[in-house]
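So, here's a batch of structures to check.
Here chain A shows up in two complexes: once beside chain B, once beside chain C.
Coming up: the complex of A and B.
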């Protein structure tokens, strides 16, 4: 299983946390496509807390976090 | 020559109750731009590096930048520059709202306050008419009440004031203006209180500042506004969620210090995040003068009152750092902080330190007046904030002087998460290597807005760096520190830098003042200001070992969450940073001072 956490505007019309069935060879694209999140809107993609690229291969049991562009201080 | 400086400084001697008008030293203004840079130069030149910060000999400088009050976006800021009673070093606290712009419209670039009034007073500035009034009836009152009274008395004015914390000379006291805007850090409110100065009311008949080149300024300002609007952070993100959006990001990378930094991940963080705030207590956003970004929060408290809401820092500090996850309690505690006039970063961080002292048995129930300092207690965070502000009991008074003095009192100063006795903000430097360099070397002590490397290391702006590595971070730290010094000196908001860079700042400044800075020249001014501040600290008695992180952050590993096992590489990066700056053992070399046009400071080495 993969735990997908959505933040900021990605929560609009979606759950905050989505559990997804893991399949070997999956990447970040297999997460955002079914959720209808355009690639260019993803500013931060974390795999287990580490910044990653969407094409990185995922591992079973991972926690993924997706953020649109945001800032603060 | 017309420039966006007014060319006049107001000097108020409270001991003599004398008010003088002085010309602005234009050579100094151009060399240090204004605000943070020029203010520090004036303070050093007037001999304040070696004075007791709470004595009449210390001076309190309220200073604008050349962009303050102009048509430049976010150009509404002023700074309070003084010798800090908290750190014993340079203090420069920056605030928005409209007060700074009105001071400028009234015809002043700065106010230098010196001496001490024998009874409480407040200052009224109405264009060039300046009057000192008795403030006995205001003494003891909280900030919003004082503001309401003075606004009624002086119609159409903007009010800056201190609360009970400043009157008590609590070292965490802030200066508040326009409701919830704060010059919060380094105890500037205590200095104001030590002078018996309760408030400054400003009113102006003008509503704009004439720049050097009207057309060039308009072009540069329009260009900047376009960039701020088009950028997804400054155009939308900050308005929608405020700085509070960081709660979830920083927690999800495992860098949200929890229970006084004993842990670095708080599973309940989403309950006080920017997202949750928007869905529950947020009423609307709020913008400072001429700011198209509008990051401020307006929230509804449980009792129905509508007040200024917390930034990311107090959300974290009253939340994870105090082991608490109740957003309503944080909103309220933040409001109390503003009302009593305390720093909304250092105050909750000190409560967190007190909670650890309680956990470890140093503080006992006998000290707590019926409100034990238990992790996560919503009662404790609200009540102790109020008590710190009003000086209710011995422990509250001690806490109001910050976590370093508190922990030192119990013989465990290492439990204070501070640099130069000022509390470190909301990002765990063991998980984000660059920010640790800027914490350790910030001239005003523990601070995140003296080189905000979270931007590249976490948010990916202007480019994504690997937060876990050290390579190149020393150079990044220096450039961010220098550019920040320039933005502060100009009188603009640091948040503009999510969308603007050195070329935009140079264009704005040149159009406003008639200078001819290119990007390198501008960054050199930032470098000069950073070195000037460091030399102020040197003169004030700073030692190389003051550039250090507390043991927990500098030497121990993170124990939980996504960054478990990570540790700070500050021992490696600090020498790299000194080299990048041209410093030896924490201070500039003679050569560096000469290169930056600071040769007159060589004798301080």
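Coming up: the complex of A and C.
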């Protein structure tokens, strides 16, 4: 299983934490696509608390986190 | 010294007299005198920072009144920089003020940040935030980065060799969630206050995290430090 943690606006209309079935060869794109999150809206993608790219391959049991950009002052 | 002790005596159990003197000898540059900038500048003046350099190009709009500390109904249309200077003068007349009315860009930033002990990012442009980090890292000046949107904020210390801002916006976004959500009163107030604390921690060589950013979610009252020291080969 994969645990997907959503932050800020990504929580609108979704749960804060979503569990997803792990399949070998999955990447971050296989997470955002079923959630309906466009790639360009993802500012930060973390795998087990580490900054990663969406095309990085995932491992079973990983905890993922997705953040939208925040840019106001 | 006596006057200093009296004025700041409510600081001393948390900010020591020695640290108070460090503040008095410091120059802090704040780029942006709006939402974050207002609360940050107020904090620097009250805390007794020796010199502040304030930079802004904009005027107050009626939609700033919900959160920007130096905006008043009478000051709608007035220069944000002039209002900030006036406020610092009445709050703490011992603070030296260097005010520059200009839109910060890659060309003028080296001159704007030169000689600063710390620079604080209070701009609302992702492009300028990235430039500010490039320039501060190159000039070996610690940068306190901050950004807000809706009920969220993030902040970080950016040091040479440990850039944070460029990593946060590497997907090329021009704006963040603030474009859609705006910013209520408490978001710049809380994040701005925390950025002042972070700037002081850098000046005092106290404990703070680097190589990542603090994410503050006011919906759940949570603060997380998130490392950006990821594997770049991925």
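Note that in this section the second predicted complex is superposed on the first by the 70 of 73 C-alpha atoms of A that agree within 3 Å, B and C clash if a C-alpha of one lies under 4 Å from a C-alpha of the other, contacts with A are read in each partner's own complex, and residues count from 1 in each chain.
Keep in mind that, in the parts below, a residue touches a chain if its C-beta (ideal position, glycine included) is under 8 Å from a C-beta of that chain, and two chains touch if they have at least 3 such contacts.
All figures in this text were calculated on a predicted structure; none of them were measured in a lab.
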* Examine A:40 and indicate which partner it touches, taking first as chain B and second as chain C; both and neither are also allowed. => second
* To do: Kindly classify A:48 by the partners it touches after superposition: chain B alone (first), chain C alone (second), both, or neither?
  => first
* Asked: First (chain B), second (chain C), both or neither: which does A:67 touch?
  -> both
* First, second, both or neither for A:56, with chain B first and chain C second -> second
* Considering only touches as defined above, state whether A:14 meets chain B (first), chain C (second), both or neither. => neither
* Touching both chain B and chain C, residues of chain A -> 7-9, 11, 43-44, 46, 49-51, 65, 67-73
* **Residues of chain A defined as touching chain B within the complex** => 5, 7-9, 11, 16, 43-44, 46, 48-51, 63, 65, 67-73
* Asked: Where on chain A is chain C touching in the complex?
  -> 7-9, 11, 39-40, 42-44, 46, 49-53, 55-56, 65, 67-73
* Asked: If you look only at chain B, which of its residues touch chain A in the complex?
  -> 232-234, 237-238, 240-246, 248-249, 252-254, 270, 273-275, 295, 311-312, 448-449, 452, 454-455, 458-461, 464, 466-468, 494-495, 498, 561-563
* Asked: Touching chain A in the complex: which residues of chain C?
  -> 32, 34-37, 121-126, 129, 146-154, 167-169, 171-173, 175-181, 183, 212, 215, 217, 219, 226-231, 234
